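Letters are used for the chains, namely A, B, C, D and E, taken in the order the chains are written, and counting of residues starts over at 1 for each.
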Amino acid sequence: MVLAKVLGTVVATRKDDSVVGHKLLLLGNVDAKGVPTGASVVAMDAVGAGTGEMVLYATGSSARQTKVTDKRPCDAVVMAIVDSWEIGGEVIYKKGRDD
Amino acid sequence: MVLAKVLGTVVATRKDDSVVGHKLLLLGNVDAKGVPTGASVVAMDAVGAGTGEMVLYATGSSARQTKVTDKRPCDAVVMAIVDSWEIGGEVIYKKGRDD
Amino acid sequence: MVLAKVLGTVVATRKDDSVVGHKLLLLGNVDAKGVPTGASVVAMDAVGAGTGEMVLYATGSSARQTKVTDKRPCDAVVMAIVDSWEIGGEVIYKKGRDD
Amino acid sequence: MVLAKVLGTVVATRKDDSVVGHKLLLLGNVDAKGVPTGASVVAMDAVGAGTGEMVLYATGSSARQTKVTDKRPCDAVVMAIVDSWEIGGEVIYKKGRDD
Amino acid sequence: MVLAKVLGTVVATRKDDSVVGHKLLLLGNVDAKGVPTGASVVAMDAVGAGTGEMVLYATGSSARQTKVTDKRPCDAVVMAIVDSWEIGGEVIYKKGRDD
């Protein structure tokens, strides 16, 4: 999975039938220090994430292993909202403190 | 999924039997700001996208989860035409305005 | 799918049983302008491509969706020989003209 | 599989139902010499790895081939703890000596 | 598939049950000219490859399409030992000559 921040949303009216009604989130990847890497991806949302939240997304066929994305042309899904992470005991990111 | 612009089309007469009759689009990836990254990919089309349109494509086995691409040697499918996207409330791209 | 030129062939006598007798092509990726990117890959061949031809290859599990590659440890297959492609109406590559 | 060091852990309370209760490890990739590449990934843990340990992780659908990760939206799993590796007979990394 | 040289072996005692007893090879990728790219990967071995040999490995779900790797958390498998390859008729690598 990859750490990323929810940057915003993507609107697409004309879509494959199987993905109509699915929210599309624009994500910006961050590295282990929480610094944006410049890479971005569009993911479907299985957990109700909002703009500004730090999340984890899964890619590839694993992105279809949620009720929201099962059997759909979806290669990236937000499957967790991050509360915090630490490296060697030091808290690098903490929700609320670092948003 | 990845944001990309439809650059043009690819013609290939000699193809694996399973993909005969399928339109092949040449896509140029863009970043979260809509700026071309230089990367390109050839995708099949599940939504009737045309040159110049901003689209989303899905990759890997997820690219086979449409009626058009099911069970075919296809690793990229255009599954949505983008109307707009925003970052933190600011509209970055809007169809018509930014084409 | 990715645009690439067939650079040559790879010979491997000792192979997993399931891929004995399969031709292995060495491919060099090209970008949307037809310029080599420096990346290369070895692919199986589902369409009878030859050295110097411009082709499309599919990767991942999608590379196993041809009769030639079904159920084999193959993650890249040439599934089309490219005749031409254009960007915004301008022909970038045309077989015969640009070989 | 990829060589990586366990940097720390990620806490996420709001998760897809299928991954509740799963430990999330933050990994930093290393190259063949054991030098960090700068790339990081978040993986589930199938072997009880701890911070500071050198591990191997598998990606994509292969990351779901453990009891811990089966049918879950997980695209990276730690499936081995590394004791040592050598290049041409020279021991590059040895647990205990190089931690 | 990707061209790579077998650099050495990785030892890991604590592993997911499904991969106990499997040899792990450390591979260094090479480009079409046979020059190391700097990228490395750890792969399981389906063909009995040894240190110093030039090989082909397959990735992703395709890495599980051998008897050795079936249903295991393995995303890279050595599925061929390379004898030689040529580009436009010129032999770039020949086993024995270039080892």
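As a convention for this text, contacts are C-beta pairs under 8 Å (C-beta built on N, C-alpha and C of every residue); 3 or more make two chains touch, one makes a residue touch a chain.
Remember, predicted model here, so these are calculated numbers, not experimental data.
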item	value
Graph distance between subunit A and subunit C, where chains that touch are linked	2
Any chain that touches subunit E and subunit C	none
Subunit E against subunit D, contact positions shared by both copies (same if over half, else different)	different
Inter-chain centre distance, subunit A versus subunit B - centres from mean C-alpha coordinates, in Å	20
Whole-Å gap separating subunit A and subunit E, where each centre is the average of the chain's CA atoms	33
Subunit C, residues touching no fewer than two other chains	59-61, 63-64
Ordered ring members, subunit D first, subunit E second	D, E, C, B, A
List of subunit E residues in touch with subunit C within their complex	1-3, 31-32, 46-48, 56, 58-66, 69, 77, 79-89, 92
In the complex with subunit A, residue positions of subunit D that touch it	7-16, 18-19, 24, 26, 28, 38, 40-43, 51-52, 59-61, 63-64, 71-76
